[in-house]
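Have a look at this one before I ask anything.
For reference, chains read A, B, C, D, E and F in written order, and residue numbers begin at 1 within each chain.
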Amino acid sequence: MTSASIHPSAVMGTGCDVHPSAVVGANVRMGDGVRIGPGVLVEGPCTIGDRCVFEAGSVVGPGDAEDGNVVIEQDARLSAGAIVRGGLVIAGGARVQAGAVVLRSVPPHAIVAGNPAQIVGYVPSFGGEGTDTPAAPGVAAHGTGAITTRVRGVTLHRLPRVLDLRGNLSVGEFGRSVPFAPKRYFLVFGVPNAEIRGEHAHRTCKQFLVCVNGSCSVVADDGRHREEFVLDDSAIALYLPPLTWGIQYKYSADAVLLVFASEFYDSAEYIRDYAEFRRLAEMQA
Amino acid sequence: MTSASIHPSAVMGTGCDVHPSAVVGANVRMGDGVRIGPGVLVEGPCTIGDRCVFEAGSVVGPGDAEDGNVVIEQDARLSAGAIVRGGLVIAGGARVQAGAVVLRSVPPHAIVAGNPAQIVGYVPSFGGEGTDTPAAPGVAAHGTGAITTRVRGVTLHRLPRVLDLRGNLSVGEFGRSVPFAPKRYFLVFGVPNAEIRGEHAHRTCKQFLVCVNGSCSVVADDGRHREEFVLDDSAIALYLPPLTWGIQYKYSADAVLLVFASEFYDSAEYIRDYAEFRRLAEMQA
Amino acid sequence: MTSASIHPSAVMGTGCDVHPSAVVGANVRMGDGVRIGPGVLVEGPCTIGDRCVFEAGSVVGPGDAEDGNVVIEQDARLSAGAIVRGGLVIAGGARVQAGAVVLRSVPPHAIVAGNPAQIVGYVPSFGGEGTDTPAAPGVAAHGTGAITTRVRGVTLHRLPRVLDLRGNLSVGEFGRSVPFAPKRYFLVFGVPNAEIRGEHAHRTCKQFLVCVNGSCSVVADDGRHREEFVLDDSAIALYLPPLTWGIQYKYSADAVLLVFASEFYDSAEYIRDYAEFRRLAEMQA
Amino acid sequence: MTSASIHPSAVMGTGCDVHPSAVVGANVRMGDGVRIGPGVLVEGPCTIGDRCVFEAGSVVGPGDAEDGNVVIEQDARLSAGAIVRGGLVIAGGARVQAGAVVLRSVPPHAIVAGNPAQIVGYVPSFGGEGTDTPAAPGVAAHGTGAITTRVRGVTLHRLPRVLDLRGNLSVGEFGRSVPFAPKRYFLVFGVPNAEIRGEHAHRTCKQFLVCVNGSCSVVADDGRHREEFVLDDSAIALYLPPLTWGIQYKYSADAVLLVFASEFYDSAEYIRDYAEFRRLAEMQA
Amino acid sequence: MTSASIHPSAVMGTGCDVHPSAVVGANVRMGDGVRIGPGVLVEGPCTIGDRCVFEAGSVVGPGDAEDGNVVIEQDARLSAGAIVRGGLVIAGGARVQAGAVVLRSVPPHAIVAGNPAQIVGYVPSFGGEGTDTPAAPGVAAHGTGAITTRVRGVTLHRLPRVLDLRGNLSVGEFGRSVPFAPKRYFLVFGVPNAEIRGEHAHRTCKQFLVCVNGSCSVVADDGRHREEFVLDDSAIALYLPPLTWGIQYKYSADAVLLVFASEFYDSAEYIRDYAEFRRLAEMQA
Amino acid sequence: MTSASIHPSAVMGTGCDVHPSAVVGANVRMGDGVRIGPGVLVEGPCTIGDRCVFEAGSVVGPGDAEDGNVVIEQDARLSAGAIVRGGLVIAGGARVQAGAVVLRSVPPHAIVAGNPAQIVGYVPSFGGEGTDTPAAPGVAAHGTGAITTRVRGVTLHRLPRVLDLRGNLSVGEFGRSVPFAPKRYFLVFGVPNAEIRGEHAHRTCKQFLVCVNGSCSVVADDGRHREEFVLDDSAIALYLPPLTWGIQYKYSADAVLLVFASEFYDSAEYIRDYAEFRRLAEMQA
């Protein structure tokens, strides 16, 4: 076996490294610096971004033509034996763990595992395995008040709480312990455990999140740094300034997330494309 | 047996009606128009207000002297076989149901039943059995928006709600669907089922109540009319204007009540005495 | 205290025995052989049948006039401390246990207990405490097939059953293991634990009852003998011939009762009055 | 009404105090210093020990003769409205709370409440409401090791415990953290919540009790002092020396109590009569 | 890499398409028109029917000789990365989803997914993803009565139902709302969620299925059309005429399926081979 | 395709059999008699023991260099499509089932399956699928007493048990039904289902294991024979003599394992290396 089986219609960027035992099918288009390991199978139509890595035995298999194009964005990585069905997008920086069988698209920087694959974390902005930083305990040590995080402008708040045999109380005061006066609130509930919500940023709207029942996790991302916060106590709140990319997931079955927003709803105010968010965040920084 | 056994130290008002088989002990002080039924036992020290009714076989038994004085306020009624221990207050207009064994003081207009007795409702301002008016369905028929109630200024609101397989949303906008801009919010949770909360009115503060998980009941009282509202849906809210006596109870084990208040906390702003509330409410009406 | 306090308007039959400490109020009408124990309070309007027994401290307290007449039918018994509100019927042969607070009418031969009182059994046709005869185990010993009971024509059936790791099966064959060909079936489900169903007999319709989920109890009564059967296994069935008074109760929360009937529904075919049933059953016997 | 209705066959000791409205029936035999409150009904056959107290409206109602003799032992107290059926023993020092309906015999010093009455605590050896002393927290503050209690020779032990995400460990060493080398162990499980176990002392056997799952309560009594211990943690143990009267109750549904005994089983070694225990304990003290 | 690695002992039909990177081992016998994708590994002994498809990276790996022959019947499809152990049958028309690990045989037209693979649906008779057609809501709109389905002779029935606070009732009348008079009934219960039941047709017997507790799904197939019905309401029933292939699966833990059959049990009356069923169904059509 | 792709730096023992389609990467070091099936991918650094088997399509993919060396010990087997991440040890004799995705190291003789892979059994000392021998029923037939097993010196004990409506009792006597006098006991609880505990032998300490709540499985291994025991009844105990390799797993959520040990804790007394254990066990045999 002296050379990889690469279909004549495949297009490769510069600096790509394809193992001789790999198979690259028709209509595969690669960016620069892609690494294709031993035994990897990539069927087209498929678009692969710069610097993607496919470890040994990973399979991108659209199967039937009707499943459509696969898009693997820049810096994504498929670990050993990972399988991606047709018609999906593996967004920039995402990681598909060993043996994961991906049946739904994967958002930017997410880490997925299992069969079927589910999101188990987010790639942090620095080295390490994921975003599971239990930030709340740090707050606990400070009594009430806010502490800063590694994500620009994001603060974690501990609100006053009164525990009592006759029932408990947790209190927030707008303009005092809550850093703005809200124009609206909304409640999110009944979210299936596998669902991911948010995945957008706001241009001008500020948010203040309190998980008032059960628990969920919030990932906040300023375009440079990303951090995950576990909200499992109604006396802990997370403040997200404008131009923060936010994701909520790992909802417990009984989770109720209360969100205060500084503005009325305005769809034009949402940034739903991660690349656009990155550009805007860079300009602000 | 030709006459009731009434202790010489007992003091009776005018128009009282004591059944001959009853026993009225030392240090009992009755108001006017009290009715004491057959077989009733009232031991002192006990103070009984005007127009109270003791049905057959009811017992007011302070027992040991250290249990202290019993106070049965005006218009209270003890039904057949009810038992009241020493040291308690049965407040004005309360009803102790047949066979109830009362071990804790009973608030104004409350209806208690069982052994031990628990609050099961509130005497409504008009005829009928209790306050269990399921007001919410009436709102349901109106989509979103507010409807008035029998209690002065109190309105019931249905907020927009989006149900979705990926999770549900309920939204309130301050100054729009919520009739004021809040200065604070508080969460009430972990309330034992038997607990009663509230039992006060505010001089100037407005409140907006949403049960965001589980369910509870709210009694609103303007001094003339009283109505009970079941909050069991995070898209239903109750607005309480100033000078409304409010009570929350029947909390489910998982209930989380979210309250928006138009003012910061100020203890001077609370009216905790029902009689004082009645006077102020009368002046305003 | 030398004599009982009996109101002049009360009417007593022959052979009544009223304890001197008891109070019998206005508009009480007693049959023959009634026994009224110490401390008993009976207010009118109340009609008491022959041979009723009121044990020490029991109270029949209509209270407010609007509650209306109490009827205690023949052979009923109120045990020590029992309380009966106005407007109710304690039917013939019923027993109100010690301390029970009766807020609903009590059907014939029922035994009620608790606060509020609930039906806990039925007075059997012979001596003993109740009807709780676990008849099913007797059947269990016989494999499949039918066994007779003490109630005329009523048979208990064990149907074939196959238990298997892949799921279980229970089978009935009409005209073979089921003693008739059904014209209809019905399912009873979602019955609150405190509910009593049935309380009627059929003139011509045969019934075959199988509790296919959860459990319930069936009381069968031929006018002379009465027996209670626990149905808690879908391989056990109860056959009720025409002219059998049937009651179902003690439904578990998840009970589903499957009933096969030999006739289509015909309301004229139901006997809902126990006295009429007794007459018809006597004629047939 | 000028005097109590006392049956000629009743026998009363010296210093008894019977309220004029009470009824004391045939075959009631009272000790000295008994207090019978207003409206009390005591039917015979009934034996009442010294210093018993019957509060207002309580009823001792054997009802039918076949229910048999009631025995109320010395220092027992029936609170207002309590009802005791025939054939039972209310043992020395027991308390029947207001409104309780007693259907089973009550052991020494027990406090019963409810309808039907259940044991809710034990009268402590000093003043106060009951035995619910949460002794364990006191131990918690001491790390591992033993602390003494108010009951002679009884010690409470905190055993080493290692908590770990991979599973937890709790360890006891015989002759070191466990004060003796056991000859046997036994496990108690599947105890219904209403059951009371133990109610005996040992002549020579030492015991070491650990609740290894769920929770239960242990009452230890040296004849002078009595204390209740909640065992709800497998790292907490209770040592009972010989001649300690022990009771276990309030078993949670999943409770498993592990007991080490210093001797093999020997029925002659058990003291099951409380009065005998008191004598032996006095001799030792 | 210029040619596939095909063992000399492998036998291939006409029109097969084997990717050069695939490996076909000894003792593999293929029908006509089989497609073998890139990187596919097929070890023998293995028999593959006409028109089967193996997507990229799928593996048929008997492993040890003792695991025995693999049979992939005509029109079956293995999606990307699917794995099939030795000794199994993947029946005609079945689909193994991407990454599924098949450890048990797969019945005709079933869709399996996951690790280990479980049945998640059935391939419908027309294009589309599966059989998950929630047919019941269609019925709901029609009140009671029957509606036809796409499967020959199969009808879906809504039976009368009475909902009541005191318990609910659902009724069927034989020869009226139920289209035949039954000779027997059977109950299926305690079926593990992963189990598939039925998988046979009857020559002459009619069936009427009601899920009286919990829920299950029924697939009905007339040899040409196949449809899946969710039974989750005891007022919905499914009628299956003779010569209908029926499958029940997706049983909830508490499911109880009641089946009425028009004939007594006769094993000769069952058709358990799907190919034979297809032949008989074709003859009748 | 005429030869396997074997990296020049790979080292192979004698008698290895590598399929031409397999890929063996840099820094792979194989022992003797290793079998590498079709399409297998083994990336280095990786050390493979004698007689290991890699079935079709299995992948050993360290991926990033930082994941580190993979060690597959002698006699281990990877079934079709199995995936092993970098940095792990698959210990001697272990089996990775088809399609399993191994993310944690696998202990000696363990069988793992699923994604992520979990231990589902242990390879027995003789032929067969695993160790799931429900040994306890054999004991049940013998009443109380001990029976020998296939593992040297290991005995299974049935202890006396008394079942009673008021609670159950199970008893062990040290030196009698328990074969030694313990110096300590420990309780293991709160073990996650996926955890494996034990995996060591003792030089001199004897152990006696009783699962007093819930259930767990114990594998006992004398170096020649291995057997698995289900402990799910507090009247069943397992005695392990010194020099027995013991593993506990399959803990139910509520499992509490009580272990008596004949010696105080001494870390020098533990043998934690399986190979060393084998040597010592051989010397003793």
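Basically, contacts are C-beta pairs under 8 Å (C-beta built on N, C-alpha and C of every residue); 3 or more make two chains touch, one makes a residue touch a chain.
What you see is a predicted model; the values in this text were computed from it and never measured.
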Both-way neighbours, i.e. chains that touch subunit E and touch subunit C: none
Recurring contact interface, reference C-E, options A-E, C-D or A-B [over half identical by residue number]: A-B
Chain whose mean Cα position lies farthest from subunit D: E
Subunit F against subunit E, contact positions shared by both copies (same if over half, else different): different
Fitted rotation between subunit C and its twin subunit D in degrees, CA, nearest 5: 120
Intercentroid distance (Cα basis), subunit E paired with subunit D, Å: 64
Distance from the mean Cα position of subunit F to that of subunit D, given in whole angstrom: 50
Between subunit F and subunit C, distance of the C-alpha-averaged centres to the nearest whole Å: 61
Distance between the centres, which are taken as Cα means, of subunit F and subunit A, whole angstrom: 38
Shared interface positions of subunit D, touching two or more other chains: 1, 39, 115
Chains grouped in pairs wherever the two touch, ordered by label: A-B, A-E, A-F, B-C, B-D, C-D, C-E, D-F, E-F
Interfacial residue positions of subunit F with respect to subunit E in the complex: 1, 19-21, 37-39, 55-57, 79-81, 98-101, 113-115
Residues on subunit D engaged by subunit F in the complex (per definition of touch): 163, 165-176, 181-192, 195, 197, 210, 212-213, 234, 251, 254, 256, 258, 264-265
Complex contact set, residues of subunit A against subunit E: 1, 3-5, 23, 25, 39, 41, 43, 57, 59-61, 63, 81, 83, 85, 101, 103, 115-116
